[in-house]
Each structure stands twice: as C-alpha cells, then as structure tokens.
Amino acid sequence: MRGQRGGAAVTLGEALVSLRSGGPLAIGGQLTMHAAGAELNVAVALARLGHESSWGGVLGDDELGEFILRSLAAERVDASRVRRDSRPTGIMFLEARTPEVSRVFYNRRGSAGARLSPHDVDRILDRDLGWLHLTGITPALSDVARAAVLHAAELCRRRAVPFSVDINFRSKLWSPEEAAEVLPWLIEGAEVVIGSPAELALAAPEGATLEAAAEELLGTGVGEVVAKLGADGAQAFTPHGLLHAPAFPVRAVDTVGAGDAFTAGYLSARLDGDDVAGRLRRGCLLGAFAVGHLGDWEGLPRRDELALLDLGDGETHR
Amino acid sequence: MRGQRGGAAVTLGEALVSLRSGGPLAIGGQLTMHAAGAELNVAVALARLGHESSWGGVLGDDELGEFILRSLAAERVDASRVRRDSRPTGIMFLEARTPEVSRVFYNRRGSAGARLSPHDVDRILDRDLGWLHLTGITPALSDVARAAVLHAAELCRRRAVPFSVDINFRSKLWSPEEAAEVLPWLIEGAEVVIGSPAELALAAPEGATLEAAAEELLGTGVGEVVAKLGADGAQAFTPHGLLHAPAFPVRAVDTVGAGDAFTAGYLSARLDGDDVAGRLRRGCLLGAFAVGHLGDWEGLPRRDELALLDLGDGETHR
Amino acid sequence: MRGQRGGAAVTLGEALVSLRSGGPLAIGGQLTMHAAGAELNVAVALARLGHESSWGGVLGDDELGEFILRSLAAERVDASRVRRDSRPTGIMFLEARTPEVSRVFYNRRGSAGARLSPHDVDRILDRDLGWLHLTGITPALSDVARAAVLHAAELCRRRAVPFSVDINFRSKLWSPEEAAEVLPWLIEGAEVVIGSPAELALAAPEGATLEAAAEELLGTGVGEVVAKLGADGAQAFTPHGLLHAPAFPVRAVDTVGAGDAFTAGYLSARLDGDDVAGRLRRGCLLGAFAVGHLGDWEGLPRRDELALLDLGDGETHR
Amino acid sequence: MRGQRGGAAVTLGEALVSLRSGGPLAIGGQLTMHAAGAELNVAVALARLGHESSWGGVLGDDELGEFILRSLAAERVDASRVRRDSRPTGIMFLEARTPEVSRVFYNRRGSAGARLSPHDVDRILDRDLGWLHLTGITPALSDVARAAVLHAAELCRRRAVPFSVDINFRSKLWSPEEAAEVLPWLIEGAEVVIGSPAELALAAPEGATLEAAAEELLGTGVGEVVAKLGADGAQAFTPHGLLHAPAFPVRAVDTVGAGDAFTAGYLSARLDGDDVAGRLRRGCLLGAFAVGHLGDWEGLPRRDELALLDLGDGETHR
Amino acid sequence: MRGQRGGAAVTLGEALVSLRSGGPLAIGGQLTMHAAGAELNVAVALARLGHESSWGGVLGDDELGEFILRSLAAERVDASRVRRDSRPTGIMFLEARTPEVSRVFYNRRGSAGARLSPHDVDRILDRDLGWLHLTGITPALSDVARAAVLHAAELCRRRAVPFSVDINFRSKLWSPEEAAEVLPWLIEGAEVVIGSPAELALAAPEGATLEAAAEELLGTGVGEVVAKLGADGAQAFTPHGLLHAPAFPVRAVDTVGAGDAFTAGYLSARLDGDDVAGRLRRGCLLGAFAVGHLGDWEGLPRRDELALLDLGDGETHR
Amino acid sequence: MRGQRGGAAVTLGEALVSLRSGGPLAIGGQLTMHAAGAELNVAVALARLGHESSWGGVLGDDELGEFILRSLAAERVDASRVRRDSRPTGIMFLEARTPEVSRVFYNRRGSAGARLSPHDVDRILDRDLGWLHLTGITPALSDVARAAVLHAAELCRRRAVPFSVDINFRSKLWSPEEAAEVLPWLIEGAEVVIGSPAELALAAPEGATLEAAAEELLGTGVGEVVAKLGADGAQAFTPHGLLHAPAFPVRAVDTVGAGDAFTAGYLSARLDGDDVAGRLRRGCLLGAFAVGHLGDWEGLPRRDELALLDLGDGETHR
C-alpha cells in the first residue's frame, strides 16, 4: 500500500447490480452484469491504485449480493463489514441509446442497500480509519440511510478523520429542495467537496456563480472544492487559490462512471500527498480511462498502468 | 383463427421479465431477456397455434413493461386491456446450474403485476369470451390479486364461460396450507384442472392417491382432471374414465416452461374440439417442443409446425 | 394516436430481411437478422412516434416473411393487408467495412416483394387513408411494381389523399436515365418530395442547381421539396421560401437507415401539424437517433424519448 | 498425400452458403455462415484426411462466392476450375428446433450453382482423375445440371475412372418419380452407390427389400452398395457378400452433414486400399465426428486425429 | 469456516490460464479465459464449501498472473504467499471436439509455475496448517518442482500435518516409469491417496488388481486409498474395509475438472469429520456439479447449494 | 496476378497467433484468435491485392501452427516452404484499453518462429523471386534468426533481387543500441526502407532530422526512404526529391496492423509500376482500411475494393 496516512480509505453507500443493455431495453436482447454504485466505484478505483480500500453497506442475502461481494473480493476491496439483509439487492438497468446518451432505470425501492443504518455505520467505521468518502446519493435513499450518512460525517468530525463528499445529485431520488436542505449538514467540515457546477450550487445556494459557490463552501470550513467540468477538465478551489486542469483527449466509449473515476483519482493523489495540481491531473487521468472503456470501473488502471494514458501518445508498444 | 367456439381464449396473471443466466449468477456474465409468466406462456402458445388469444394483467409503466408488450404484440397476443402502473414490472432471474437443475429468484415483491384487482378483471373480461385460463400463482401474489382471480372464476361460473386452472403451486410465494385453503374456491366448476400429482393432492386434500384426488375433484363438478407426469407423460381423469399418454422422446435442453406448454397444448386441442386422447397428445407434443429449446416459449410451434415432432423421426428434410 | 387528420399513414413497397455482418462477408462469421426496406423503416418510425401506421406489400410464404411480419407486429405497424406469395422473401447483405463505409448486396431478384401489383395496391389502400408514402425504389423492382406504385400515386391524386415521395435512387436497380423517365409520373402532385441534391436533380432534370431543381419541382405542383444534406442537415423549399436546419451533433455509429429516419421525422411533424421548421427539426432529430445506433430502425425513439437527444446535452440522467 | 491411385479425388455439384440459426428463424437473432453442399462436404472431408481433393462447380461472382472459395482454400481443396457466374450464389437457411429436428430452407432457385453445364464438366474433369464423386442432388437442380452430371458419369465410364454416387434424394427439389427415372442413368457402372434404404429403393425400384434393392443394383454392374442406417451404423453389399458395422456411440450435437461425412469416410478408406470392413468403419467414424460437433464439416478430423474417437474411451488426455 | 481442525487447507502446484475453444483450434474463433490447474481447482472447490483455503505457487509477473490472482481473490482463496517470477504464466488450450472428447495442449515449458522451489514451499507452509493437498503433476514439471513437492510431503510428515495426494498422472509431462519411481516418495504417510485404478497401479506397482494395489498402499501406511471410477462412482479402501458410492446421474456437459471436484468433495467431508461413506458421497456430488457445467470449477456449489443436486429430483423450484 | 516483374513477392519472419481481448486481460473474458506478425500481414495484404505472394518461416508442429497455415491458405498466400518445428508457435496477447491505447504481451520466447535459420532462408528463397520484404523484427528474435535475415538480404544483393525493409523497431525485443548496430547491414542496398521518423533515425544515426536521416540512407544506396507519419500521412524521399501524401480521413477503430498495411500498399503500387505519388497514396489507402476495422488484416481490400475508400465519400451504395 502506498504512503497514505495510517488506516484504510473507506466508502459507504448502496451497491447495485447494473444490467447493461447495448440498445433499447424494449427491444430486449442481452444484458451484462456489473457491480455498480458511486461509492463502490470509488472503492474499486482506489484499490486498483494500490490503496488500502474498504467498502461498507448492506447487501441482499441473495445471489446478486454474492455477485457484488465476489466482484469486490476480486478487486481486493475489503468488504468484511458488509451486512446481509433479507431485502433484495438493488438493480439498475443501463440502456445505451447513442454514444452520447444512455438512460438509467432503478429497481432499488425497498432494496437492502437503502437499509444502511447508523448502527451499520458504527460497525463499518470501527477501525483504523485513514479517510472516509461519502456521496449525496445515500441520504436520498431512505430516512435511515440519511441518518446513517449524517452520522458517518459526524463521526469523522468528532474523530478528526478527514473525509470527502461527492455531491452526486440524483433527480430520480429526491428534489433539489430536499437536497439543498440536507447537503450542508453532510459536507460541513469535509476536506474535499466535489461536484458539477450545478451540484455545487445546490450545496451553496447563496453562490450565484461557480466561483461564488466555491467561496461560500470554503467559508464554511470545507478544505477544497472541486468542480468536474466534463470535457473541459476540472477546477479546484482552495484557500490558496484556483487551479484548472484540462481533460485528457480520448474518444469517449462510455461516460458512465467517469465522475466517480475522477473523484477516485483526485483522492488517490491526495492520499499520496500530491499537490492540488497533481490531484486534478490524476482525477482527469482516471476519468479518461473510464470514458475510454465500457463499464463503470472495469477499464480503470493499476498504478503501473497510469502511464498508458499519461504519455498521451496513444501508441501501441509492439 | 381455428374453429373454436365464439370468443377469445383469455388468460390473466402476472407477466415478468425473465433474465436467464448460463451459469451461476454469483459469477456474473451475460443475461438474456425474455417475457415470462405461466399465463403469458399459455397465451403465447395458443396464439402460435392460431387461436384468438389474449392476455390481461398489470404492467409497470417502464421499459420492462414495454418489452413485455412488444413481445406479446410480436406473438399476436392481444394485450389491449393491460393496465400500466407506477410500480415496477416484476423480474425473475433464472440460473442454469446443470442440464437438470435451474433455480429461479424473484424480484417481484411490490411489482405492478401483483396489483391486479377485481376492477382489472372486469375490464379484461368485458368481451366475447370463449375460454378463460387461470393459475394458482395469481392468488399467491397479494390480497388484491387473490380477490381478482377468485372474482374471475366467479364471473365465469356466472356467465357460464368454460375455464381452466393450472394449479402451479409456488412454494416461494405461499405455504401449502394457505394454498389448500384458497384452491377449492378457485377451481370450483372449472372445466379443466391441471397439475402435478402433488399439486392435485393440494387441491383435493381428502385424496390419498392421485386417483382418489382426481375422483374427489371430479366429484366437486370439475370437468376433467389432468395430471402432468413429466417424462412419464400425462394422465386425464374424466367422468368417462382414465386416459394416459406417453411423453415424446426428446432430449431435454431446458425444462422451464414445459408445464405451461403442456397446458396450452391440452387446451388448444380442447378448443379445437378434439377428444381427450387428442388433448393429451397435443399437450405432450407441446411439452416436447418446450423442453427441446431454450426459453419458456420461444421454441413452440405454429400449427403448421406441429408435424415437425409428431412424425417423431427426427430427420432433417434437406 | 396523435392528432393527425383522419386515417392511417400508409406506406407500401418491398420489405427485405437484412443480414448484417460486422466485417467482410468473404471472411464469414456472424450475421444478425433485421427487417428492412426503406418504406418499412418509415412505417416503423411513424408507429414508434405514436402515429397510426400501416405497411403494405408482398412477402414470401416462408420463415423470412414470418420474421418480417413478427417484427412489424412487435412495432405495432398494421400489416393486415400484406399478401403472401410462393416466391421467396428478398434478402440483403449489409457488410460493414469501416465506420464510414458499408456495402449492400441484394438477393432480391425474383423476390415476392417485386410482385407488388396494382391489385395489391387497391387492396392496401382500400381504407380510411390519411397519408401515403412512396419511394423511388419500388418502380425499379419490376414492371408490375412500377405499375403498382404509379397506380398508387394516381389513386391519391384522384382521392385527394396527400402523399409523399422519397426518391431513394438505387443504382443497382436501374439507371439514372430510366429513373428520370419514371420519376415525374410518380411525384406529380405530391405534397412532399424528399431526396439528396443529386436525387432531386434526377427528378427535375432541368434544374442546374439544387435551388433550380427545387424550383422546377415546385413549379409542377409539388407542395414541398426537401433536400437531405447528411452532416449538413436539411433544407426545405416551399412556395413561401427556403428553410435550413442543421444536423444534430452525434457520433455516427451506423448511417444505414438515417435517410429513412429523416423522412419519417419530417412526415411525423407534418402529420402533427407542425410548421416547416418543426418538420426539418424532427427529421434531423430522427436522423441523429438512427446514426447513433446499429440497425435501420432499432434505435429510433418513441415520442416520449424524443427529448433524449433534443436536449442535446448528452448527459446520462443517473 | 496418401497412397491413392494416381490423380485427385474430384467432386462436383452446387455449393451453398448455409446460414445457421440457433432457433426459429421467425424469431430472428444471429446466423452463422458456413460453406455447405453435399459434394463440398465430401471434398473437405477428404482433404482433411490428406487426400488430394478437388471440388468443381459454378459460384456467383459475389461475396458469398468469395466466402466459399476462401473456405475451400483454407481446407486445401483445389477449386481452380470453378466458374464464376453473374447469377447469385445459392443460400440455405438451417433452423434448429430441437436437438433432434432442424429444418432447411433453400434460396437457390436461379442460383449460379444450378448453371453447371456439360462444358463445365469437361473443364473440371480435364485432369489426371483418380476418383469422381457425384450425388443425386445435382440432376435435380436444373436441366443443364442434369445433363452435366450425366455427362460426368458417362465420361468416367468412357475413361474407366472409378466413380461413386450418393443418392441424396431431396424431396424439395424433385419427386420420387422424377428421381427414379434419372438415377439409373447416373449410377450405371458406379464403383460405389450409397444411400439410405429408402433412397436405394428409389434407385432400384424392383427391389422389395433393402437386400433385394442391393441385389438389383449389383446386378446392373455397380461395384458396392452401401446403406446408411443412422444410429444403426451401415451395411455394405458386394458381390462377395454383406457386411455390417455399428455406429460409434457418441451424443449427437448436430446431425446435419453426418451422411456426407460417412460417405467421405467410406471413400477415404477405399482410396487407401482398405477392405470393406475398414471402409464401413471409417465411414461410421467420420459420421461420429460429424454428429458430435456443430457444422457440416467443421468438426471433421485430420488423419492424425482419427484416433480421438477410434479409441472410444472418451477421456481427455490432460 | 466449518469445524475443521485448526489451520487452513493448503494446496500448492502450478496454476495455468486455460483458454477454451468451442471447436477445433485450427479453425480459430473465440476462446474463453479460465484460471486452471488441478491444485487450484481443489482450492477453489474447498473455499466455495466454506473451508479456509489457500493456494501457493509461482505466477508470472504478467497479466495472466494478475488474472489468476484476481480469480483466486474472487473465490476467497488465500494467495498471499504466491511468488511472482519474470518467466511467463503457463497456458493451456482446451479444445472441445465432441461432447465426449476434448484435447489439452500445454504452453507451460519454462513457465513461472514450474519454478516452484523448496524455498517457496517453506514460505507457503510457514503457517497454521490444517491439511495439505498435493498432486502428481508438480513433480513432473521440473527438477526443482519435484524437489519442492517432495519437500512439502516431508514437512508434513515431520510436522504431523495430515496430507493428501491426487496422483493425476500426465503422460505429456513424464513417462509411467519416471512417475513410478517418484510417487512412492510422495505418498508415503499420506492420509488420503486418490487416483484412477490405472494411476493407483502406477503408485503401487506390485498390485496386480485395484484391490491389491490399494492393499499395498495401505500397507505402506497410507490412511485411505480412493479410486475414481468415473460414471461408476468411486471406491474407498481403508484399514476397516471397502466402500463404494455410485455416481450421481447427471448429463455430462464438460468432464474437465470432474476429478479435481471429486477430490475436493472427498476432502471437504473429511475436514468436516464425516465418515467414509459421507466422503465418497460428497466427492461424487461435487463431480456431478463439475460435469454438469462448462469450466473446471465455475459450476461448483457453495455449501448451501449442495442440496441442489443431492435431492436428485432435478426439478426447478419456481 | 497483376503485371509485376516475374516472380513472387516473398516475405519471411515470425508468424504468431494473436489473442485479442476487448478489455483488461486481468479481468478475463473472451479472446479472438488471429494470425499475426508484421511480415505475415504484408503477405496477406499483397495477396488480397492480387499479387503472387508467399510467406516463409518456421511454425510449431501444433494446432496454432495449423491455424496459421489455414489462415494463409484461405488468403491464398503460398506457405509451401514453411518448416514445422517441435517448439511451440508463438503467441501474443493484444489488450485493448481505450480506442487509442492497446498493449501487446508476447509469449514467444523459445518459439518455433525464432528458429528461422540461414538454411530455412535458402529453402524459402530458392525460387523465381520478384521481390523480398524483410523487417527489423526478425533479427531481434534470436542469433540464428539474425543470421537468417542478414543472409536473406545478402542473397538479394547477390542475385540482384529488389528488396524492402520495414524497420519495425520493437523495444521489448532489443535495445536501440543493438538495433543500431544491426540495421545498417540489413538495409544496405534495399530498394525501399520504411519506418517512423524515430525508426529511420535509428537506422541512420548521423541524421539529426528526418530529412538528414533520409539523406544519409539514400547516400548508402537505398533506393527510396519512406516515413510513416500516422495521422499526418507519409513522406517519400528519393534521389529525385521529396513527396508527401496525406492520410485518408477515417475514424480509427483499431490501429494495430496499420503500419504493415501502409507498407504493403506502398509495395503493391511499386510492384504495379506506379510512381512514387501512387505508392504513397496506396500506402495511405491501405492504412485507412486497416484502422477502420478490427484485426491486423481482416478488413483489408481486394483490388476491386480499393475504390470503397478511395472515393472518400463514405456513402453506402444501396
């Protein structure tokens, strides 16, 4: 494991089985199974890069739960604190329509994953904890999940464990108004807050512009505010100023999971002790790996593979 | 449409999207999408054989519901009285483990299909009705579905519409005791009751043997009692005596859906006016088509294709 | 069905089974089966958008004919007036060579589809007819098909049914000279004539430029002349002037069927009563859906899916 | 090349592209391309066993013809005397319905292959000829093909080249009466005549039983009469008496092509100079390879692979 | 973990990447990647059944090595003592020819796996060791591997750790004479020796029959001698007498890996403390799972899945 | 065969089986088999264009060797002088990571192909030789292969046979220093030397720029120096001056094999007697075919297919 401060990088949330279709679902055909979920994606990406990585949550006591555990084990993500529940593991259907547009349909209502409780959080975090990563998806899943994730943030603040939040607003799960009410409690004291400009505006409603929103968040004690700008790269706002990094020029095969890959890249460099420029660069680099391959995380690099794209020359080394 | 008494053959129940895996689900890989459900299978089988066939039920207002409607339309099963609901369309996973064993896992709790109500039944059956086919699955889905299917049977009795019941006991949905309480109300006055020996015993608890159970059911006014015996063929008990038909000797590729195919074959011959021997023969014939092909109903024959297996010589007519 | 003037939108022509290969046919490998044909594509596209849509023609009394009927039924295109013939259903092989180039090889000589006769046309059009769509492919198939399609245009003129013609010149079926002789008889009095600039020039040989050709066609009483410009969008010439619409910026996966999709989009908006700008816009929108997905029509949108690309932001709504 | 008498083993007839479907064609899905045709199958089987093998016929000047030539070249079957024609290469669809039943649909009317002429035969046979193999399919294709194949048999008789005939009656191409009239002219003087009992009865109409038919054929000067008995093995009738060989006990995966494989095995042993028992044994052995694998000839053995099944112990030599 | 005596069940040997082809390799096409190797198969089977299981060996420092590690991690087999080497990971091609016959071709000469040394063995076994499983493949790989595996057996004898040996004679790796010289040193003092009758005869050359060979081995201090009889089940010889168990009646899909599955089942029951009858039964049960599914170990059961086949009724529990 | 000077175009080197993966090898999944190797690619490309083409080398006496021979035969590349060896045929794994980046892993150490000897060269070149093509890969394989390829160049110089060299530097096989020492001996007197600018600099170490390197090479008697510039096209330096040709604008699907395709296109035009501009144009044209299709050579054109891309209009000729 690379030189990160003592303790594992932990994430928690809901893991789903993603069923990907190559065309309209109404036409039928073949689906491929993938373990998915924003936090799971980040956990896998960090493990691939050699960090001690752990994912916690609740899975159904069913074959889909087994599939997710098998996937996490294959990726060497610690999942020893997962709880199994009699409710089913959640499902999402991912329908590709054009190279630019896919649709997601959830079958997660009443799922095991939404039963994450403060009790679960206590069990998951009862360890030597180096970093905690949370997202704005979990509080939108259920009342108990909301309590759980706020409890997790509070634990970090109390135990002085650094943590990050990817806002990840999901309009299918809650309204902007609901989100705006909860998010401030989640991100208070976070070392890193990440989101699209629109998501950051949700979290900092006073900010009229991206810059103003970042300013507002920094004002509440957030350490760094990072804006994901897609093809335009990313921007980091810190008390010491503003940095921008361009995206890596790759042809997008599948944009799903790119945001999570960016987040993981940013956090990985942070855990390595890299400066803000290095964090943005690795975030964009992981995003490039993600969009260049089908699947949320299947194409992500090991640490020794980072140079494949970072050389940027696209040659095949025969 | 073939010479059946006026009116369509109608079935009602829950339709699911079946996701079939070629191996353990915990391993992942590819799934194929199929429209499934015991009553849907019967409706498709009858339509393939040229009967005017209709399926009624409740589907989610989602892409899986669209997929089922598209499948029914392709098979020329009338689905014009289907209701769409905001709950999701049910899913089942079908896991093949060996040529002899597959497992089914349902993701149908809270599904749209379980919301079938007596109101829905009134709408579905408000037509020129030639035959109604019901199963013992529907009453196990929910209280309202139980009321719906008992209402449907009652309507038939009142309107003197002949109807059939395939007992189809599902241990994952209810207990034998629950079933034994409801089934008598469902099959009272049915023209045809079909089941495995164990299922028939559930419906006629006084019967110590298959013969005794059949006797008991015939005594309550059921017209014909048909026992599915798998590789041993099938047996029909009528007031005029007992008939047995052997199974067609085919190599089983996939036994899922074979029971529904048998039922449809039996009913098809009945609608054609064939005698009991002819009904058993066509039931076994459709069962043979079903086990000889992957999928619940994909391999079933059109009427002009019945001779493919009925010649029994297995030759390829090059 | 949307607010179109009374009566179905009907097309007629030849339907083929398209066998698509992922690489050179001489190498062999796998082919996928698709129902195809310019008029069938338009009929499916209109049905997807909720229009009452019907396709008429002649199919072989074979399994390929069954496949096409099954595909049309799945898409809810009325095919009740199709005639079956002892000649075989036509086949086309579609060979993808590069993302930009595919080749088509026909196996349609002597096919059932080319036997479309004026008698067939009378049967197909003997209904409440809201719109008829014809193409320049049908008259190139056979003498009787030529008579049939000219008869169809004449029927429209006599019954004052609005009709459209997509010129669709196929150099493998006839020469430009042959086409130039027949086309004027086909498009006389058409409400809408659609084609590439080169095709419009064929139909209006006096026109030295696209503008002149359009002028000439408008001069013969055609209502609107629409030029498909591929990546440059489309242009409509009407007695009230000229309008241009840009193409939607999507990455092309498969350009086959894009022209038919454009035509269907244009006609759909026309049937909805939209103005010329709206017609061009929907034409380009459907073209974008078509090029963004493999298959002639499999990726086309339902009406509720139009917004997937019309938002143009390419995001995935997780 | 093995010790066969000087000159190549030549076959001639029609080669087709076989498009195989894993289920009902009306359902659609994927097809795989295969080079097929009874005579082509025999030519490939002989080449695999190391004989100098040549196939002659007429192919369309199209990509399907290229595919067949490429397949023959890969299998080292000489096809240098093939003629290309502007008519299309014939197609057959092979639809698997159950493990025991598949259906074949031809799209060969007007195909290039049916244009085989006596002129073509002269060109194909103008070489050092060790053996000629003919079938009863070719004379059923067209008048000119009938003339061609009878001309070929006549050439052999005149040049004292040994030849064989596999009767291969195809009811889709001609009637038993038509066949019965032509076959005697074809098989006169043949060294080997092969067929099912029913086919041999067609060729020797006076024979009331298989034995009588064989007797009759031997009486006309045929050297050996070989009856293919499927799962019951095969029987050879010669002037020196009768021999029977059992089939190899394998599980049938695909019976298509098994008859051609048997014929090739029998002829291979004959070319090697083996006795009748050895010929029957190799015939049955090749039949076993053929039924144990998908495809007409893809699973056939090279000479060094014969022992894979001839050991009959089914073990995997890890 | 189930009640096994303290310490993990450990195996060691060479792991390979198995590339499986659906037909003749000379034809080309698709291959699927699998982690394979007799000892790896046993380790995975034990882990699936809930035993603490560990595999040790040497893997190449390449992507194939990564693939094997990923597969082991997914199956929760501890591989923490694996050494990586600059030599490549070994490959085997598995060619399916008929349902009964497949061939294996190794590309393992000079592979990393053959570099297993006594040093490696010391590292692998330096732990709380409950059971060690060895095979007769490892001593055939190289001189150093032979020394390593004999060293492992010796360590067990010295530390009084129970161990088992599956003879697994591979004629492609060494001659019967070479094997007969080495095997006695390997199996001396083993608790369990497993093999086919022919393999047991190799290890006990004085034994003229299976019974005599078993007697001889028991005489040298081996605890139990187990003969794998394929479709005839298995037999165990112990100082207390002889037991036989029949095979489970399943249709064989793929026999590769069945022997390893039997061995793992036998050992699993032994670790559970079951009696000899129970060990034979579980051995045959795991063999049935293995032959009923493609892949060496992919279809093997978890402990809660044993009942799927042990009920033996083959029904699908819908 | 086209009007090339008497004699075949011959290449020699190592042929490999390329196993292509659609994603990270560590994830596993499916691989497809392809015959590969820079010289084999050139030989196939020339044969497709109608040149008499021959490939020589050493293949393992295994199924992978059979596969390569079968592929060469299918493409009508003469391989009659290939030697089989007891060492295994080499393997390469090709791992696609993004549309721009793939990785190659060789498993060729100790392969049969590296055993190419001067003796083999004598046998391969003992024929009417029109052109010989060599690459800088062969001398990097082994000492004997180095001797073989230098011997081949020397033979050409002695027999006044024109020859070409594609430098094809492979950093996994040798160092730049080793290459720089050998290359001058290889390319001395070559008619055509082809390489990337970096590769040309290796061969002409005095040249500080591409122009200077080309000057230096021309100074040693090389006839033409051709620089492959990827997306920027290509440049030819001759005693008569410098020519540049742009790349064809296609979307790259797979860049592997594009360099070999360029080389073959250039040589093909040279063999046809085209001028330098025509050679560059055909080189770029073949490169475009190669990058537009998956596989090293599968998508390359026959001569009658060159116009598919040379029209450059990308239309599908329906």
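Think of it as A, B, C, D, E and F in the order they're written, each chain with its own count starting at 1.
In this section, a contact is a pair of C-beta atoms (placed from the backbone, for glycine too) under 8 Å apart; a residue touches a chain by one contact, two chains touch by 3 or more.
Predicted model, so just to flag it, every value in this text is computed and none were measured.
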{"item": "Co-neighbours of chain F and chain B - touch as defined", "value": "A, C, D, E"}
{"item": "Superposition rotation for chain D onto chain E, Cα-based, multiple of 5°", "value": "120"}
{"item": "Chain separated most widely from chain C, comparing mean CA positions", "value": "E"}
{"item": "Reference interface B-D: repeating pair among A-E, E-F or A-F with over half of contacts shared", "value": "A-F"}
{"item": "Centroid spacing, where centroids are CA-atom means, of chain C and chain D in whole angstrom", "value": "45"}
{"item": "Interchain centroid distance [CA atoms averaged], chain B/chain C, Å", "value": "41"}
{"item": "Where chain A and chain D are represented by their mean Cα positions, the distance between them in whole Å", "value": "62"}
{"item": "Sequence positions of chain B contacting 2 or more other chains", "value": "24, 27, 70-71"}
{"item": "Pairwise chain contacts, counting only pairs that touch as defined", "value": "A-B, A-C, A-E, A-F, B-C, B-D, B-E, C-D, C-F, D-E, D-F, E-F"}
{"item": "Parts of chain C lying in touch with chain F, wherever the complex brings them together", "value": "23-24, 27, 97-104, 168, 170-172, 255-256"}
{"item": "In the complex with chain E, residue positions of chain A that touch it", "value": "70-71, 73-76"}
{"item": "Chain F - residues contacting chain C, complex", "value": "250-251, 253, 288-289, 292-295, 298-299, 305, 308-309, 314, 316-318"}
{"item": "Residues of chain F that touch chain E when the two form their complex", "value": "19, 24-34, 62-64, 66-67, 70-71, 88, 91, 93, 95, 105, 107, 109-110"}
